[in-house]
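Please go over the structures that come below.
In the two assemblies presented below, chain A is common to both, partnered first by chain B and then by chain C.
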Partner chain A sequence: MACKFISHEDTNQWLEALAKDHVVFIPVDDGGSVTFRPYGEGRKPVLDRMPVRSPKEAVFPQNETLLTYKYDKDPEDPERTSVRIKETLPKERAVVFGARPCGTRGMTVFDSVFVNDRIRDPYYATRRENTLYVTLACHEVESTCFCHEVGSGPADTAGSDVLLTPVQGGYTAEAVTERGEKMLEASFFADGGDKCAEAEAVKKATREMLGEAHDFSNAPEALLAVFDDDEFWDDQAAACLSCGACTYLCPTCYCFNITDESTGTTGKRLRSWDTCMSFQYTLEGSGHNPRTTKGKRLKNRVNHKFAYFPDTYDQHLACCGCGRCIKSCPASIDIRSIVKAAQARSAQKESK
Partner chain B sequence: MQALAELKEQIRQALPDLDVVIGWQQGYDALHTSPLFIRSEEDIDKLVVNEFCVVNPATYLREMRGGKKVGLVLKGCDSRSVIQLLQEKLLKEEDLTIFGFGCNGVLNHTKLQARFGDIGFITSLENDGTNVTVEAGDKKETVPFTELCADKCLTCSYPNTLQCSHFAGEESAKQADSATDKALEDFEKLTMEERFTFWQDQMRRCIRCYACRNACPMCVCKDHCLANSREPKWLSEDVDVQNNFMFQLIHVMHLTGRCVECGECERACPMDIPIMLLRRKMAGIVRDVFAYNAGTNAEETPPLMCFKVEEPTIEERH
Partner chain C sequence: MKANPVLPDMATIMEVVEETSNIKTFRVRFDDENVMKNFTFEPGQVGQLSVFGIGESTFVINSSPTRMDYLQFSVMRVGEVTSRIHQLKAGDSVGVRAPLGNAFPTEEMKGQDVTFIGGGIGMAPLRTLLVYLLDNRDDYGKITLLYGARTPQDLSYQEDIAEWLGRDDIDVVLTVDNPDEEWGKNPHEKTGLIPNVLKEINPDNSGYAVTCGPPIMIKFTLMALNELGFKDDKIITTLEKRMKCGVGLCGRCNIGDKYVCVDGPVFKYSELQELPNEL
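Entry: the complex of A and B
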């Protein structure tokens, strides 16, 4: 990977240039919390804090209009109505600038699910193809960071097109994809020179800050071994308030719901984020729900990331280790400790 | 801590007659605690009481109805929610055992974050009651407690647990720093247009995760909240200003004369939307109109749960 350099000043120029033909999502201070908003209107990127909201929303927004419809009454025979349907495919080209490697890695989980041999979700695929990720490697770590424990790291390039690393006076930039390489052809980028070695040192130092990694490799088996252990799950979920903060902010949670939202004779079919923490998740039309308790719902969230997903799709954990679910949980529930507790519990069961 | 040792002993003695005692335990780092559900002797030692015990344990009561004998370790503010629920006859007094203590205030994570960068960057914190010394990266700073504590602590008149079965340690002599909430006062200096613009912008930020609702000890509707009702459908799944505003206002209206201002809704909000402004305003109106302070006297009937031809505090013109 060729390593280039861009100064802080030129970074702003670059964003300006990109914003001419892209919606450029940058992390900004939005009422005290950092969220991604389109560049412009005097917004300044905030790059020293991890955004509260995840970069998934550029490609998988909280609400996606799948189609719009309108009912028409036959003036001759008002009993008869016809419906007109209009498909609404997203068109805009976007850049996500300044997401952290963990958040961007989350997109690889989406990719496996929404675009594969069997399925190509047109809404997701179109946005994904039209969105570039310029990711910022970390130079600090938080108490909730655990990317290094889920097969990633503070300079992970998975899902990114370009990886920036903070160095004196600006950033080094490495292209990860061909699209990224094209981006770095812009005149704002100079040869990296000795900045490249500095960037490597930053990456190494950040990785060292994270310390030793707990081994989650047997998590899928361990979690499945305690699948029927209701007492364990009720215990783990006791403090859960059943809100959706963890799942909505998670860079890898992709469950959705589809509803028709009508106003009079017109309306839209909406795809919205769903959350397995809600009693309505998998609630069937009959009124039955196979997940009857918050313990069973929490099990779904943890198992999906640490067991079902790796079992279904090439062994990768569907957790990117960003720690948003821990940090934003009103009851400070820690997914790391739940999986660790399952590992301990299953080991205990085995030894009996 | 004398109070903690006493609390543990009181819980130890009461536990055989209780299904569970809810308190706090150390969380994933030094700045967080998480709710503790004590069911056995060995759980008791996990109990902590400190300036990070922010969660209101009374919130979990809605899951524990149906004859369960529940013990609760409660701060003064938390205990008001239990009293209000008793007033509304949603709880039975004989099912509850309240463990009280004197609280000197809790710290606010949003304020810590605003001051020291991300909360996860803070490596150590010491609180002597008057000042808080925080280390984050290479920064070390000492800040008055009043600049970092929860807003509710600044106006708190109930630092000691109300109506408790057991009280541990010494009573807190903490006085309210001010009788009125400064944030609300400042907000009300704005014009109506400015206020509306402010709320429109705040409601745009809401992600409708319902953390505010679920963290609220007074939101007892559980899975029957109209926000989730499909039939009839009151709210669209569209997460936009209009629908978010609608939900938030419904929430406030349903808390009229009930909200004890424990601040859990705002604390739980992952987007840090200052929704307590709405609650405080509403509670202030109830105080003005009905001379009623929610959850402070179990003998009182809440004003919206009774009908009086002549309200003693309302002067009517005939």
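Entry: the complex of A and C
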């Protein structure tokens, strides 16, 4: 990867230039939380903290319109109505600037699910094709960070088009994709020179800060071994409030609901983020619910990330190790500890 | 898979049949004749019916691909969407996304006996396969149907049943939990729980058994089939879960790493045993 350099000052110019024909999502301070908002209106990127919200919403918005519908009365017979529907595919081009590698890696989970040889979700695919990810490598770590334990790292390029690394006076920039290469042709970028070695040192130092990585490789077997252990799961979920913060903030959580919203004779069908931590999520019309307890719902979330998804899609964990679910959980539930406890419990069972 | 898997095709209801006090059958045709002409599906596959402004729900296509005059869906009134669907009349519009999911192994079943065991609305997915087998009668062995409901009035598909009773190439047994005064006068009318009547009939266990119904009925029917000596990979059932997208994206109908909407709804008992216990 060719390494280029952009100064802090030129970075602002670059954002300005990108914003001319893209919606540029940047991390901004929003009442104390760092969230992604479109560049402009005097908004300044906040790059010294990990964003609380994940960068998924640029491509997978919290809610989006799938189609619109309109009821028409039959002029011959007012008792009768017919319906017209219209597909509403997204068109805008976007850039996500300043997401961390873990958050951007989350998009690779979406890519596996929404665009594969079985299916192409046109809403997701269109947005993904029209969105560039300029990701910022980490130079600091938090106690909740565990990217290095899920096959990622603080300078992971998975899902990104460009990787920036903070160095003295600006950032080095490396293109990850062809689209990223095109972006770095802009006049704001100079040859990296000795900044490149500095960037490599930053990456190495940050990785070292994370320390040794716990081995999650037998997680699928361990989780399956404790599947019917209700006591284990009820215990792990005892403090859970079923608020869903873990799923909404997760860069890899993609579950959604589909609902209709009408105004008079017109309306739209929406796709909105949903949470598997909710009782209603699997509640059936008959009243039957396969996941009646918090323990069963937490089990599904953990299993999906560490067992089901890797089983279905090429062994990749559906967890990017960002730690958002840990940091934002009002009950301090820690997914790392749950999987580790499952590993310990299943080892214990085996030795009995 | 279609270019936009969540976009329904518009269809019109041709006819509504009132089956029971809470089940109606809807016969629909796509508005676009090309869509209708090119539509193909296999017995067991499902579709999503849309009432715009209320939502979508999943139902099995219970007509047979051998009869493509219309697609037929039977809907039990349970929640918001099904209540609204029950208000629809012939001539009304409805959105249809179909076919979705997998199908019964009709090829594999060729040359074999097939025993159908249906309970309540669970008769719907059996109907599509039963009609399909009858329309390809020479390809299959002995066909037996055991269909049960709470009361005689809760038995759907009366017209079909009358036709099947008149044929000599299918054995039909009906059973109810609560008979009325008329019930039991004919030899095919039994009283009692489905698994018990099934054991009484004692069908040849070398063939296939296909069952669908309420979870509790399926559970005891599987036990009875086991007892009768049916092989696990020749016992077939169809599952239901709450669904939204129907195409394996929205995440809610999973049992372990399988999605009922794409890996099902048809499962063999041998496959169910490999899934985690989360029905």
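Rule of thumb we're sticking to: the second predicted complex is superposed on the first by the 352 of 352 C-alpha atoms of A that agree within 3 Å, B and C clash if a C-alpha of one lies under 4 Å from a C-alpha of the other, contacts with A are read in each partner's own complex, and residues count from 1 in each chain.
In this text, a contact is a pair of C-beta atoms (placed from the backbone, for glycine too) under 8 Å apart; a residue touches a chain by one contact, two chains touch by 3 or more.
For clarity, every value in this text was computed on a predicted model and none was experimentally measured.
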Note to self: Quick check on the chain A-based superposition: chain B and chain C, clash or fit?
What the structure shows: fit
Check: What is the contact status of A:228 with respect to chain B (first) and chain C (second): first, second, both, or neither?
Finding: second
Next item on the list: Mind working out whether A:334 is in touch with chain B, chain C, both or neither, as first, second, both or neither?
Entry: first
Next item on the list: Please indicate which partner A:257 is in contact with in the superposed arrangement: first for chain B, second for chain C, both, or neither.
Entry: both
Next item on the list: For A:48, select first, second, both or neither according to whether it touches chain B, chain C, the two together, or no partner.
Entry: first
Margin query: Between chain B and chain C, whom does A:80 touch in the aligned arrangement: first, second, both, or neither?
Written below: second
Margin query: Contact-wise, after the overlay, does A:315 reach chain B, chain C, both or neither (first, second, both, neither)?
Written below: neither
Next item on the list: Check the residue A:348 against both partner chains and state whether it touches chain B (first), chain C (second), both, or neither.
Entry: neither
Next item on the list: For A:113, decide between first (touching chain B), second (touching chain C), both and neither.
Entry: second
Margin query: For A:279, using the defined touch cut-off, is the partner it touches chain B, chain C, both, or neither? Pick first, second, both or neither.
Written below: first
Check: Across all Cα pairs of chain B and chain C, what is the smallest distance in the superposition, given in whole Å?
Finding: 6
Next item on the list: Could you give the residue numbers on chain A that contact chain B in one complex and chain C in the other?
Entry: 257, 259
Margin query: Quick check on the complex: what are the chain A residues that touch chain C?
Written below: 66-67, 69, 71, 80-85, 87, 113-114, 118-122, 224, 227-228, 254-260, 262, 267, 269, 271, 274, 276, 281-286, 288, 290-291, 296, 300, 303-304, 307-309, 311-312
Check: If you look only at chain B, which of its residues touch chain A in the complex?
Finding: 27-29, 31-35, 37, 55, 59-60, 110, 114, 117-121, 137, 201-202, 205, 207-211, 213-215, 223, 228, 236-240, 264, 267-268, 270-273
Note to self: If we count contacts the way the header does, which residues on chain C are in touch with chain A in the complex?
What the structure shows: 1, 3-8, 10, 52-57, 78-79, 82, 91-93, 95, 215, 240-242, 244-245, 247-252, 254-257, 262, 276-279
Next item on the list: Spell out the part of chain A that touches chain B in their complex, as residue ranges.
Entry: 30-33, 35, 48-50, 52-53, 62-63, 140-145, 235, 238-239, 241-245, 248-249, 257, 259, 261, 270, 272, 275, 278-280, 323, 326-328, 330-334, 336-337
